[in-house]
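Lettered A, B, C, D, E and F in written order, each chain numbered from 1.
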Amino acid sequence: MSEDILMDIKRDYVLSKIRSGERIDGRKFDEFRPIEVKTNIIEKAEGSALIKLGNTQVIVGVKMQIGEPFPDTPDMGIIITNAELVPLASPTFEPGPPDENSIELARVVDRGIRESEAIDLRKLCIEEGEKVWIIFIDIHALDDDGNLMDASSIAAISALMNTVVPASKFEVGDDFNLPVNDIPISVTSLIVDDKLIVDPSRDEMSVGNNLFTITSNKESNIVAMQKSGSYLLDEEKFYELLDLSVSKAKEIREILINQLKGGENGEN
Amino acid sequence: MEKPKLIINGKRLDGRDFEELRPIKIQVDVLKRADGSCYLEMGKNKIIAAVYGPREVHPRHLQDPSKAVIRYRYNMAPFSVEERKKPGPDRRSIEISKVSREALEPVIMKELFPRSGIDVFVEVLQADAGTRTACLNAASVALIDAGVMMKGIITSVAVAKVDGHIVLDPMKEEDFYGEADLPVAFLIRNDKIESIALLQMDGKMSVDEVKEGIKLAKKGAMQIYKLQREAIMKKYMEDEEKEEV
Amino acid sequence: MSEDILMDIKRDYVLSKIRSGERIDGRKFDEFRPIEVKTNIIEKAEGSALIKLGNTQVIVGVKMQIGEPFPDTPDMGIIITNAELVPLASPTFEPGPPDENSIELARVVDRGIRESEAIDLRKLCIEEGEKVWIIFIDIHALDDDGNLMDASSIAAISALMNTVVPASKFEVGDDFNLPVNDIPISVTSLIVDDKLIVDPSRDEMSVGNNLFTITSNKESNIVAMQKSGSYLLDEEKFYELLDLSVSKAKEIREILINQLKGGENGEN
Amino acid sequence: MEKPKLIINGKRLDGRDFEELRPIKIQVDVLKRADGSCYLEMGKNKIIAAVYGPREVHPRHLQDPSKAVIRYRYNMAPFSVEERKKPGPDRRSIEISKVSREALEPVIMKELFPRSGIDVFVEVLQADAGTRTACLNAASVALIDAGVMMKGIITSVAVAKVDGHIVLDPMKEEDFYGEADLPVAFLIRNDKIESIALLQMDGKMSVDEVKEGIKLAKKGAMQIYKLQREAIMKKYMEDEEKEEV
Amino acid sequence: MSEDILMDIKRDYVLSKIRSGERIDGRKFDEFRPIEVKTNIIEKAEGSALIKLGNTQVIVGVKMQIGEPFPDTPDMGIIITNAELVPLASPTFEPGPPDENSIELARVVDRGIRESEAIDLRKLCIEEGEKVWIIFIDIHALDDDGNLMDASSIAAISALMNTVVPASKFEVGDDFNLPVNDIPISVTSLIVDDKLIVDPSRDEMSVGNNLFTITSNKESNIVAMQKSGSYLLDEEKFYELLDLSVSKAKEIREILINQLKGGENGEN
Amino acid sequence: MEKPKLIINGKRLDGRDFEELRPIKIQVDVLKRADGSCYLEMGKNKIIAAVYGPREVHPRHLQDPSKAVIRYRYNMAPFSVEERKKPGPDRRSIEISKVSREALEPVIMKELFPRSGIDVFVEVLQADAGTRTACLNAASVALIDAGVMMKGIITSVAVAKVDGHIVLDPMKEEDFYGEADLPVAFLIRNDKIESIALLQMDGKMSVDEVKEGIKLAKKGAMQIYKLQREAIMKKYMEDEEKEEV
């Protein structure tokens, strides 16, 4: 009971702040939390990245295996994206098979990578119709302080950009860097009344789950969108979201590229 | 698999214009046991929707003391697709069920039915691109048939980018080979589109193309909305006639 | 609570009617509800049928795939029958894996088809020991107003009789009609006191689940039987059931053949 | 696999006459933890049955305020058949468990134990055709051993049509190659068969052959019934002796 | 409630006995219950054994199949050990997939057999990297009157010692006896205060689940150990356990060898 | 796969002495949402542990009116091992979770929190032999970070027999090719090892070698214990500093 009351107070506080044009952590409405990316932290994975988006932490590991292609794309590699919302990451996550939230998370991240054609899947064909590379992208949430979606997207593409295809281990040629052609960036906003709040924190989400994710590629084309949450969205507000998301994505892509350049020199 | 040409002489492979829907057929009250039901065809899609409730929720700890709990189950029959689908929910159905439920939840007047449950079950008997939108259209009619109070009607349609053109209501080949797919659902009230209840997209489109797509979807939705209304009216009139007899 | 009382009243009404020699819908004890069959309604399936048995509706789709034969029958095709009691069809069905009722339904329908040797499985061998046709019979309940068993049996054999084996698609010869040699018909009766009520409706089943299914073939041989429900059955009553079921099956088989002939001209 | 001749010189492959049962061995009270138990062999079938209850039912919402809830679990040990069976229930076991439970439910005096549960667990240690009937025979004895009140005893046996003949208690080859299999269970009260508690059949038989089969099954059941009684009496007498000491 | 009181009384009785140096069934602290083993009781299995350890009964069946070896041991057969705590065996076992107790049981038994190298797995290679024998050891509890662990271990090794590899059936040579080189024996003790009670009965376990299993081979080497239960164990007490377990294992091994010799003449 | 020599010139493959631990790194309070947390590296093992609770237990029938219910979940990330691991618990993780929980249960003062639950979740981000011991070390620190009252601290390490030598804290090659592996956990109170909380072993060792192993493990545990303490102290001092500001 007292917990419910606390929740109510928190929600009222967040709401009143937003209505007066402020966020509880002092950010501007269109401001992301600080982003910190570390790559190659899991030596046993072919690629990996740990991202901190404020206090939200996600780790993504990429494993490469050889398998059969799908019959309708015999000359293309395969991407399999999976997300585990392990109970370590939040008091509300329960052990068990993936629920609708982790499935949605994995599928939206997957679509961003797939539809931006970030990975050149044709270069992952070893023998047409017989053998192709399978990319397992495993999203592992560590600390859910809000906006796991964008954190996971950034971690996934960062891990992919640092993935080495272990061809020599499987005796199918020399190792090579996974061919990554694009950096899709998802931008998730919380809709509160008629306000758009990017990169919502967990506390901010106490006002509701009205989320919208728009992923765009380096040419500012939209590659994936997802309305998530039980709410109705005004058409004009959606157009605002489109413009906002594309411009924020550009900014985040710059930050990410800079971080990854910095990271090349060492683990940290 | 070579990508075929999808637009030939300004027409689509099935002869449609860019802004043309596939043929739609809607029948209300097709099931006896359900509280409301609807059969809907949209091109080769064949959909049946049932609504149960408001009814008691078991077990009790799933009840919400302030409002009705909505469930939405999108399910494909094993024989609905080219290659037999293993029965039971897969990841795709679970995601579709989630976003569809979230489209209906803000429209159903849940507060009128505290502690109760409203279940929307939709079976895809045959699938041919756009099943999630066809299902929502059927579900929406079934909800009205069940007498569930709503703020309006949900009408859903997809647009796609195909060989560089924005087209309405893509069928299977366009979905598979096209550049982008954008399913959307609207809340319509007083014959007017009020807001967006579902929106997803995958593929590649410019911001302007997305905006163009939404405008086109609105046109399509208004046509579907008329058919939904007609189907409901038809049933209502039949009921009236029966009562008069 | 009030629901229970309603159920009690309904049960009493059904019972008193039956005891006075009548059924609540005016049928005779040995009378089926009207049967209506539509075939080939699912173009993507190799065969399909929608049946209405009164208000009960079932759809069956048949899909054909190529697979390995069982080691002990290397020259025979394979039948796999599955039933989904999806929650759309009844307020009492729950989502989830098949329960004992749907398993029993699928297995009894399967036995009727299998034991009557309705399908000539030897003609479904492509390459002995290597490749045979697998017939997936998927029973999908749509509206359970009682006696899903007989509705499913009729839908299954109707779908099979209209199945075209897609040999050309799999590049193993020309398409051909599935070789169907028999029309097994199941007759399910409800036992109420010493009365036998065929094709019970859902309302009639409020008096209890005392069911018995007898499936016979075109030569009036018995090919499958199933006592279903927690009750004791008198031996003499069982013999009555045998005779009743065989004679009703003949009648239903005629109706079905006529309907399917009519259906050949078009979808409806 | 060529079908072998199953009847040679009027005898069955294992030397039995048409109306002859396989050897049967019944032992009562073979387990300590269970409230009642029975070990039974019927030909090469080796069965062990345990009864627990009447006992409390958890969770509570599974209780029935008017009578005991009966569970019946038929299970095959992985090593009980030629090719190792994956542990856990398959579709066949689930169906057998259902019809077996439905055979016992009307015989157990459930009304005497409201809100409680009676669990019958049967393990097939070795299978050789007719396991469901052997299991019911064992279960029935275990129920009596547990002191569960019943209207009579359930006795079960199958008949088969083999090379044109109706035979009693088919073994594996007859089950596999025969024309039909008809397992049946009877309620026996006061040394008399009263009614049918389980009946299934698959294969091909004329109506008259079915009737002939039932008559033969009754003969077989009466013999099994005697062995069930004997086994129970034996245990009862041993208990008496112990008490006297 | 009254059941709880009964349990309390039983526990107090067991405890007071043990504290006065006695066990409720009159055994000495380091005394096993009588062991009785019957082998080859399941003709359909390649090997089998039923053990009675007092009133505890376990049956183990061994099935042999041909399959692919693990990539890292291409010339070795495979052992797969599984335990089913079926609800028949105890009022506390529930139907369903293996829980942590049955998994622990299977894994500790497996380790004893595997680590003692009781089975010469290299002799179970049929074709290196392609075909090896897989040994399925299925533990089936029948009556859990305490110490299923040791009963299962004894049943498993007894069944293995009587297993005939069915090579002729699979057309890969002549049948041969499974090559068994050792007889690992597990000894499980209950720790009560500072007392060690071997082979605890179910009633004795009412004082708690403080168990320790030590498995040793014929050369009295330790091959597997498992502390099981929520308790803290004194280091010195552990050393006592080591010595006790090794000496009891020798004794049990002798008993077992004698029983199995006796059993060779017939089923009983 | 040929077994390589594991001891060369009295040194182990990674250059360590027999009684030398791998490098250890411990960080406390690394997660915001959890009530307590710890990140730990032990050689190439990378572990993160979180503690939630004492908190309410759902559903209610899982509560214990006399004490807190402890859950322990050991889980490996799919990318933590050479070949991708399928997500979800396997038999090995279930056993490790059980013995680890049983190591902590007698140490946590459960009686102080009746009806509540204390959850310990440990994720293996990278595995390289000894994960269960590394996880327990991390879990123990996370419990202290969460302020859960304990009778002492749990510290865990494995010893192994490798090429005839008893060595401390085996890494992957030693675990795979060595003769025996003996993970053990101790309760340490007042800077003294008090008792054994976890002990497992597989392989082949004489009784004397086991005893030698335990002694060696104790030495290793005392070193790890110091690092655990340091990490906790460091965090405590940082908190103090913050408060002073």
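Keep in mind that, in the parts below, a contact is a pair of C-beta atoms (placed from the backbone, for glycine too) under 8 Å apart; a residue touches a chain by one contact, two chains touch by 3 or more.
Everything numeric here is computed off the predicted structure, so don't read it as measured data.
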item: Shortest walk length in steps over touching chains, subunit A through to subunit E; value: 2
item: Path length in steps (a step moves to a chain that is touched) from subunit C to subunit F; value: 3
item: Labels of chains that are neighbours to subunit C and to subunit E; value: D
item: Label of the chain whose CA centroid is most distant from the centroid of subunit E; value: B
item: Longest centre-to-centre distance from subunit F, chain (CA-based); value: C
item: Cα-centroid distance, subunit D relative to subunit E, in whole angstrom; value: 31
item: Approximate Å spacing (C-alpha centroids) for the pair subunit B, subunit E; value: 58
item: Length of the line joining the C-alpha centres of subunit E and subunit F, rounded to whole Å; value: 28
item: Mean-CA-position distance for subunit C and subunit A (Å); value: 49
item: Touching two or more other chains - residues of subunit A; value: 98
item: Topology of the chain contact graph, where touching chains are joined (line, ring, star, complete, other); value: ring
item: Chain order around the ring, beginning at subunit E and proceeding next to subunit F; value: E, F, A, B, C, D
item: Subunit F residues within the subunit E interface of the complex; value: 1, 91-92, 94-95, 97-99, 101-102, 105-107, 180, 182, 187, 193-207, 210-211, 214
item: Subunit B partner contacts - residues on subunit A that touch it in the complex; value: 72-73, 98, 100-101, 103-104, 106-107, 111, 114-117, 212, 217, 220-235, 238-239, 242-243, 246
item: Contact set on subunit C toward subunit B in their complex; value: 41-45, 48, 55, 57, 59, 61-63, 65, 82, 84, 86-91, 95, 97-98, 136, 138, 140, 142-145, 202
item: Residues of subunit F touching subunit A in the complex; value: 31-34, 44, 46, 48-50, 52, 55, 73, 75, 77-84, 87-89, 119, 121-123, 125-128
